[in-house]
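As structure tokens, the structure follows; a few thoughts come after it.
Chain IDs A, B and C follow the sequence of writing; residue 1 opens each chain.
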Amino acid sequence: MTDTTITLTDTAEGVWHRDFRLNDGNGPRLAGSPQWSITRETLRGGTSAGVDVVHLFNGALRLSILPTRGMGLWKGLFRSGASEIELGWQSPVRQPVHPAFVNLAEHTGLGWLQGFNEWLCRCGLAWNGPPGVDVVTRADGTVSEAPLTLHGRIANTPAHHVEAGVSADGPGRLWVRGVVDEVMMFGPCLRLISTVETQAGSNGFRITDEVQNLAGRPGEMQLLYHTNIGRPFVEAGSRFFAAVRELAPRDAAAARGLGTWPDYEPPTPEYAEQVFLIRPVADEHGQTRVLLSNAARERGLSLRFNIRELPCFSLWKCTRAEADGCVTGLEPATGFPNFKSFERGRGRVIALQPEETWRAGIEFAVHAGRDAVADVEREIESL
Amino acid sequence: MTDTTITLTDTAEGVWHRDFRLNDGNGPRLAGSPQWSITRETLRGGTSAGVDVVHLFNGALRLSILPTRGMGLWKGLFRSGASEIELGWQSPVRQPVHPAFVNLAEHTGLGWLQGFNEWLCRCGLAWNGPPGVDVVTRADGTVSEAPLTLHGRIANTPAHHVEAGVSADGPGRLWVRGVVDEVMMFGPCLRLISTVETQAGSNGFRITDEVQNLAGRPGEMQLLYHTNIGRPFVEAGSRFFAAVRELAPRDAAAARGLGTWPDYEPPTPEYAEQVFLIRPVADEHGQTRVLLSNAARERGLSLRFNIRELPCFSLWKCTRAEADGCVTGLEPATGFPNFKSFERGRGRVIALQPEETWRAGIEFAVHAGRDAVADVEREIESL
Amino acid sequence: MTDTTITLTDTAEGVWHRDFRLNDGNGPRLAGSPQWSITRETLRGGTSAGVDVVHLFNGALRLSILPTRGMGLWKGLFRSGASEIELGWQSPVRQPVHPAFVNLAEHTGLGWLQGFNEWLCRCGLAWNGPPGVDVVTRADGTVSEAPLTLHGRIANTPAHHVEAGVSADGPGRLWVRGVVDEVMMFGPCLRLISTVETQAGSNGFRITDEVQNLAGRPGEMQLLYHTNIGRPFVEAGSRFFAAVRELAPRDAAAARGLGTWPDYEPPTPEYAEQVFLIRPVADEHGQTRVLLSNAARERGLSLRFNIRELPCFSLWKCTRAEADGCVTGLEPATGFPNFKSFERGRGRVIALQPEETWRAGIEFAVHAGRDAVADVEREIESL
């Protein structure tokens, strides 16, 4: 047995390793990379005070994971030869924001935007999409109204259990797992168990999520992976690649951009965001892949996921001025980012029975060099 | 003089003992129990990050007090011979929640439910009961509107002063006292001084609360002690005992359960909560007692209080599925948990003059064994 | 080069000096005072938990600066001979409140009052004034609605960068600088860089603020300096001195007090606050000065500012019972504390272009003794 798992945080057990450090010095030797590490730091000052960051480094790829923000990924960095590629984007909100500084209900339910700056953040679990009042008519005819805030609570809910592990099998594997409860008395009771896993020395990682209904009654869930990418992937001439079965513009602004939907313009002040709702083509196992590439087709970021788990995909184009957050979102999800009641009417809200668990995985990869990018393009075309 | 009092926390004086520990090793010898301790820990991780817990152990009874949550009692544990009895209940919210993660105004004023999991939490001080808009017409005819959130602010307001003490008098006494200010400029300015006190080796404890009006003008107060009990007291066949002068079901759901109001059913998914509003009978000093006993009448929890201080009592039956928080509430209070303006109209909102102090005490006891439970039953019957 | 600057806090750089102490023992010798210090503490307990305070002492004047509350000034203390003069006021909210305990949207947008107790707090940056819904019609005819909460976000936003410095030039200078970002995606993106600076041994200090528009599009700003003064400056017979060009009562309550607007009554329970809106007279450089003096004209606090930077001044008289916060506010500002849309209509909302910076400075001085107070009175009269 070559696996080691260490608990960094467990609220119930009183576990808290302030200066956690697991690396090539005190851990096993990994064939895939002589160097690797998993460390934790707690940010101080500003609206970041108290935010935990777990840094996962596989020898080539660095990931900064935010247990305090629902196991989102803040940033990444990929080293390819002598060059480094930043993974993420530059939000006007510069540093990770502690949920104590985010009032989801403020700004007419748009308070979520006060803390939005991650490379990957989840929208969910009980709901995602725009704010509004969800009117639900029950079987017995009674009607309840629930005010929903933008993109739900999970990204502003901290993990109460965090563990990290390493295995020397094959090239070596590193992982970080967090457990986040989105619960309230008389309300939704959903648990996210999220694992970020990477092979030593590799150019990618996998996120595997489970969502459990902890309640003694059926519960609804929605989940969207808001993967946000800016420079150096987004620039004039960048292109998005996907095998598209169906595509629809979300609104009039997107409809006007339909003719050039996969292509990117330069950063544009006051750019009106465009969202395209996509049903991807998949292989016989349900697997599909999407790619964002820069103008020269020499840097790419791809996501591979299964449409049986995540049947819907949204492309969010928001190439505003750099100072305002020039960004695009690649967003595999259980549904489309419409208001929950609309999605419910289309059968795109998941109903979980008591103790039932939903699962999904996404593989992320960074592609450096024209050949690497072209390989992924070909794979997508072959779908 | 055998009394020792130590300040654990005082914001104004800059006092903060991180690793506070007072016990049989460094304190006096207590006749009632060779073992005892008062310690503090600060929780880490999840939504508990930063929550202080003061653990009070009298040799038989352990109490976990939450200064960060308005001096609520999180959990208890009573050791009787070889067996241990858990005091509290299992909320879907598993661990104590820091107020920074509770937005009282969210969920149409029901955000309080995001942090609700204590054995005993206070509802108050300026108001308790359901959310709504309190319309107040002043003497000069002007009208003001104040939005009230569920059960008020006190349970999500931390104590700025906490002290603990021990006395070797008699069997020995242990106590923890906290001071919590529920204040805002131009708003209610009420101070809670709460003392939890227990005799070494005993099966019970006493809570003594003072509420002071700090303002230079009269102020209103409401206070309800939300004492929440689950297993192993609540099960099919459990029974509530009280000397009842008047009883009224709160609503239609409770009216349907009126015929079996003191009896408990097994945990029932989608159970519609029932609340019974009670005016207890008391002795010539105003003292009354209530008891919850399990089906075999061999485990009981009793509360003794004075109806001159706490004239109203609510029984909250909420025996939902275990996963949803199967619980009952024994709730002595200054009024009934109706909306504040309704209670004001019935004369059940307390008006405190400047510097005026309201006081109340409740004695809690755990009863293990058929004889002990039967004794309390008899005492209640004799009322 | 005799200047030393030390970074206490920088979130992005991971800098955090817990036990920061710079003083006459480890720093340069200052001609103006043999004693001086700049230290930091982090408050614990109550609603102050986690609040950073930077104490700046110039040998005569002590200032407590709150990086966690937008670089507000909590309290001051001036030593003149054997006597000490407290600077500030006694709010019902006794200790500095961490923003995590303030819900700006609560209480119909008046939640800001839960944390209001500083000697000086800023109201802004994107808006100040009363709560309401700001309806904005854009050039293209579209209308947006933004709910604004009382006095904006800056006083409840912590600095992500704090530095302190000392220079032995002349009498010696001490300063503390903080950087606070009031930002959100798709929202206002304004940065405050605030410097508090004092000469060793002096009776005063200067605040110099810069506000930068970080966005790639024009942005609005409003800023009011809520300088709050109680005892021993405010008492029956205290008087406010200013060179007034125009003065208007804010409402009917103020209109009733117009005849005695610069004079103070004793603390009065249920006093209805009076606000006077003033356009000051200035010298040829735009400089003006205002003074509050106690009844005996032997203690004064003056503010000197430039009407080209801060053209508007509000006098807030709120001499309620001491227990309710007997206080007056001297409030230089970019506009008057009306609702933002009203101020916008009067041309008193500042529009900042991308990367544009707004600047202002205010000099505060404490005057002890009849002669010192009379000197300032004469200076104001000469305007």
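Everything that follows uses one rule, which is that a contact is a pair of C-beta atoms (placed from the backbone, for glycine too) under 8 Å apart; a residue touches a chain by one contact, two chains touch by 3 or more.
Remember, predicted model here, so these are calculated numbers, not experimental data.
Taken as a graph of touching chains, this assembly is complete, with every chain in contact with every other. Although chain A and chain C share one sequence, what matters here is the overlap of their interface residues, and that overlap falls short of half of the numbers used.
The best fit of Cα atoms from chain A onto chain B calls for a rotation angle of 120°, in steps of 5. Averaging Cα coordinates per chain places chain A and chain C 41 Å apart. Residue positions of chain C touching 2 or more other chains, listed in rising order: 50, 100, 103, 105.
Interface residues of chain C facing chain B in the complex, by the touch rule stated above, are 41, 43-50, 91-95, 100-101, 103, 105-108, 110, 113-114, 116-117, 267, 269-270, 320-325. The part of chain C that touches chain A in the complex is made up of residues 9-12, 14-16, 50, 67-68, 99-100, 103-105, 145-147, 149, 157-162, 180-181, 183-187, 189, 214-217, 354-355.
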